[in-house]
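I have a structure here, written as structure tokens, and I will follow up with some questions on it.
Naming follows writing order (A, B, C and D), and every chain is counted from residue 1.
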Amino acid sequence: MTEEKTQECWKWPEYRHTMPEMDWHDAKIVTAGVDVGSVGSKTVIMVDGELYACSVMRTGGVSEETALKVTNWALEGTGLEIKDIHYVVGTGYGRVNVPFAKRTITEIACHARGAHYIYGPTVRTVLDIGGQDCKAIRCDEKGKVLSFLMNDKCAAGTGRGLEVFADLISVPIQEVGKVSLSVDQEPQPVSNTCVIFAKAEALALLRQGWLKERVAAAYHAAMADRIVDLLTRVGVEKDLVTTGGVAKNVGVVQRLERLLGVKPLSPRMDPILAGAIGAALFAKALQEKELGLR
Amino acid sequence: MVEEILEKFREWIDNRHEYAKTWKERTGNKVVGYFCTYVPEEVLYAANILPVRILGSHEPPTITEPYIFAMYCHLCRDCLAQGLKGRFSYLDGIVEGQSCLHLRQAFNAWRLHIPIDYAHYIHVPHGVQTPRAVPYLTQEIAKFKQSIEKWTGKTITNEDLDRGINVLNRNRDLMRKVYEYRKLDNPKITGLEAMEMVLSSQMVDKEEHNKLLEQMLEELPYRKLDREPGVRLMIVGSEDDDRVFMKNVENLGATFVIDEHCTGSRYFWTDIEPREDRLMAVASRYVYRVPCPSKDWPEFTRIKHAVNLAEQFKAQGALVIQNKFCDPHGIEIPPLREALRSVGVHTYPLEFDVTVPWGQFRTRVEAFLETLTGLEELF
Amino acid sequence: MSEETKEYPTEPLKCWDEAKNLRRNYYEDYLTAHEKGGLRWAGGAWTFSAVLAGLGEDVYGITSEPYGATIAFFKDFAAQCHDATEAAGFPRTLCAYMRNYWGSILLDKYILADGTIVNGFPTPDFIWQDHICCSHAKWYQVVKWLERKKGKEVPMYCVDVSVGYALEPVEEYKVNYIVQQLSDGIDWLEKATGRRYDDKLLCEAVWNEIKTSSLWAKICALNQAVPAPIDEKSMYSLYVIGTLMKHKPECVAFYERLKEEIKDRIRRGIAAVPYERFRVITDTQPPWGFLKIFREMEKYGAVSLGSLYTFGLIGTWEYRRDGTWAPKPLPPKKPKTREEALWAMVKWTLNKPEWAHFYQPELKTKMMTSIVKQWNVDAVLLHYNRGCEGLSLHIAENRLGLLEAGIPVFPFEGNMGDEREFDFTGTMARLAAFFESMSLKKLKE
Amino acid sequence: MIAAGVDVGAKFVKVVILSDGKVLGRAKAPVGFDVWRSSSDLFENALKSAGLSRRDVGKGVVTGMGRKTIRLRPPINADEAVSEVIADAAGAFQLVPTVKTVIDVGAEEGRGIKVDQGGKVKDFVINERCAAGAGTFVEAMARALEVSVEDMGPLALKSTKTIPMNAQCCVFAESEVVTLIHSKVAKEDVAKAIHDAIASRISSMVLRVGVERDVVLIGGVALNPGFVVPLKRELRVDVILPEYPEFVSALGAALIATNI
């Protein structure tokens, strides 16, 4: 148990990526979206409104530093520097702490816009499951927000909740979702909404000799229930898509599918980037406005 | 000038306890605390007693745990906490005018656990839409008047009552006049300033408050706020004295142009119509005033009123606030939002607790403002 | 447990099936009222239902709290109701019965006593309610609003009874305030239903209602016997008849029979539970989805004799000169006129013990302390009920008051109608600890 | 007679070996999923450290939230399992005979217990949902702050600022913490706010049973000075910290075993 702990199963992998076949030198507009979330920070570099480079890392104790780090990492090896970027928009929990951003826009607007980019114009309902909160967003064919709701006070349906849980059953966070699906029969969801109590409950189950898989299933089922509560409050209209870190968790997504009878679209790129992508797209629009192009 | 007056309001709020103590020493008269705006302050003013509203301090009310189960709203627990911490030690008495169960509990706990010379509960009727309410409340107020007379040993004459009625009506009239300036395209005062005006009037001698309001109204037409009004907002719902929240929201490129809650317009919107029977005149006012939802049935008259305000003050959006566990307001959230929506006012609900988690709320409010202004040009 | 525990004989109640039928028929009658050419009304369990009797025999009601509790008992349907209500934008902190009831309307589904779910919520022809807590009138105001969205206009009348409570008779002007509203209400009923009002039927119904609540109190008083002839879990299925039809002759007749049966059980030493070692009372509505807590208690030889709630919701009591708390005897004479009937009913109703703690925690504590003494109670289990703002009011004060009187108290948090707020395992663990601290160990199975 | 007490907590198992009321051995280890394995291994260690073997132990009593989940074998047998409340009281009373109030703050659970002159439990309160135990809370917050759990307390003591947090739900509190971090509040101030929040949550719970001196604070969190200071302030009384606060429950169990 103790040595297992040192594995730090909650730690999801950080990464950066550049689109190989793209080049920024003859680009008209280079923009960046910096999404400083409560748990993870992401930067997206766009050339003329197309994703060029991106990076994802954990948010540190000082958000300015994180913003700088994550952005420089995205630029690494591209030959670009922050000063070369025409317009930077900051978003996310720490959006006010992006020193080199010209403007901030909320993650609500950015996720809708980003989802529209990732999944296409048929998106009407965006479910963003972030580190600390969970947002249900209704948007139009342009990716513009019509209405939205955020979860109240309970983080059981969030990334942080999952981290605590992954640690508990010592399964790497990228795999808990898959693990939770490897049960032939779905158990009762854990009854508690509070992360700490849900964890305690899960612990009790483990001690009663439940298999990790079964406990994981119970925990994910509870998460899905909670998220559905939120979704029904804004109302689900097709197409439904998920963004944010937890969107990669098949255990949650497939259960949502089951509960809602709606199949979420599959992303053409990492949905954790949605917020940053949206910000970068807004940045492009803002730059065009400054240049009098719109 | 206006600035100094507003500064004075702020000062009164921040030093409310010192104010009350010095008032007591200066006048040698009694100070009474009240919980809900259904307490007819007219009667207290008639008896030369200073009524002050008991409100919380927005610190987690730990010490109330033994007395009030935490499923009741933070306001009632926070109020009691103030008493238990001895911050209202100067009070000679407490009075409650029946509204919600929550504040009744604060009143009873206070009566039972904090030494106090005088405690009176007025059974203000809930059936304010029935024709039987006025005569009934008239008798309840008469009973209240008698108990005050017994307590102070002084009889309250009609002249005394007229004095009380006049000072309150005057205060109401002046504050409504100030609110008029919020209708302008560029309002003359911010939502925070308006809140501080109303709050302070619940804490100080209204004679003094009226003097400042009169001066302020002379200067106000010439005041120019050095800020863009931005999005015109309404704030509507449970009791709200969270000045930090008001300030933060108005710093996001918005201005509260109107409110509908009991630490705002609801407190002073309705006047007393003079009548020969003074007590019946007072009773009528408290029966026909803009109601607390706990008394507003079978018709939703408060919602109609809120919609009118939103239209008169040209609000673009409304923040619908509910103090967590405040059932009377919670119950009305969907009908209220529907009604506002029907006149084109978008709404966003926020659940308030003893402290407001600004980080979370900031995102919600900003996003709400974005949906109002639309970020149109960026699509 | 080494020491031997006495085992008492037990047997099921004979009245059981009658209670079940009365309850089943009640919900079915409401559903099929129109087929019988009758009327449907909706209102609270505390509403002045006797007044409606004046409209004729064929006026069938559904009282809101018992209906909300019925839903709560069937957890899955309850969960659907909560979701529907939250989806409609109502906070989840509101009265749980109310949310269940609204959910049932929003889902357009109606549940019968046995859990059968019927499609289409039967809209009432009119609403007749009273208002004492923050929710009573608002509850139906929203019902009206929801029905209007479905294109149905439901006329509503609501009587304000928030005049306070005193152990001694309340002031005339307060009674008068309510009586006047009721007589206005009768005129309103005639307009709303187009029926002529019959004062004779009113007088009968009022007298029945008074008898019902006096009888129920007598039944509860019988539980002072050792061993207790009935436990609280059974009482729930019995007092509910009063909450459904307190003004009806069937109800009076049923309670008469029940009283006789209980007397007979006492005579023959029949107990509610085989091992009675520890007598408790509870407070406020139980978490309806988890009545198994009472079975758990039996494993420790603990029996719940009832509560101020089960005794006082329908029963009417008074303090005798000797200081004992006892069933309130019937008024000297049966009312003859509308005026007499309304005055008699209001005066009687304002003595409802369950109304005391809305105003004065001391009074509730006093009554609970009397129960502890007169019923030989060892401890009080206080249900801090997140589902009911009204009956949980001042409950923390009652805890302090009881402790001051030297009575052991076990408070536990839960919710009568929303299982998400009741933690069964956790609560049972704490209850076990409490029993241990009372040096009470689990009996050998 | 030699008696043993085993306390199966949320995070750790603790064992105390007693000989006529004198402590012969103490041992503590993290709880694995196989609670039985970890606890019986530990049991052996504790015995070893006392130079004893199972055979020497006359009686044993198990307590703690995990007591029902461990398979028991002599000398510890199931029907001698006692609740934490009873064990806490017994242990605290042995160490501080003048004790009237026991506060036990562990990883998942907080408890307030009132005892009479004889050390008998008079009244008690255990946190219900949405007022979770302090240990896990501090951990989660430490992660958010990027500070090691051990440093949290000392860090908090460096601060003099008071930032009210409405921490009924600790996860909700975490978003408040993140906000504070983003608005560049100094780490020590945040750390203090966190500990103040726990202290106010625990004290508000304990206040339900009432605080009567002497007050004894036990459980792992008692080792965290950042929590003890605000707790004293909130309760407005001094609290006594026994030498091995996290072993008091196990000690209580052992004492009960002795008296069976």
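Rule of thumb we're sticking to: contacts are C-beta pairs under 8 Å (C-beta built on N, C-alpha and C of every residue); 3 or more make two chains touch, one makes a residue touch a chain.
Fair warning: this is a prediction, and the values are worked out from it, not measured in the lab.
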Common touching chains of subunit D and subunit C: A, B
Chain separated most widely from subunit A, comparing mean CA positions: C
Computed distance of Cα centres, subunit D from subunit B, in Å: 45
Chain centre separation (subunit A, subunit B; CA means) in Å: 42
Centroid spacing, where centroids are CA-atom means, of subunit A and subunit D in whole angstrom: 37
Sequence positions of subunit A contacting 2 or more other chains: 93, 133, 192, 197, 204
Residue list for subunit D, restricted to those that touch at least two other chains: 129, 172, 175, 178-179, 182, 208
Two or more partner chains touched - positions in subunit B: 65-66, 351, 359-360
Chain contact topology (line, ring, star, complete or other): complete
Subunit B to subunit A touching residues, read off their complex: 351, 359-360, 363-364, 366-367, 370-371, 374-375, 377-379
Subunit B-touching residues of subunit D, taken from the complex the two chains share: 164-168, 172, 175-176, 178-180, 182-183, 197, 200, 203-205, 207-208, 210, 234
Residues on subunit A engaged by subunit B in the complex (per definition of touch): 93, 105-109, 133, 142-148, 150, 152, 282, 285-286, 289, 294
Footprint of subunit C on subunit D - complex, ascending: 65, 82-86, 120-126, 128-129, 208
Subunit A-touching residues of subunit C, taken from the complex the two chains share: 83, 86-87, 89, 419-420, 423, 425
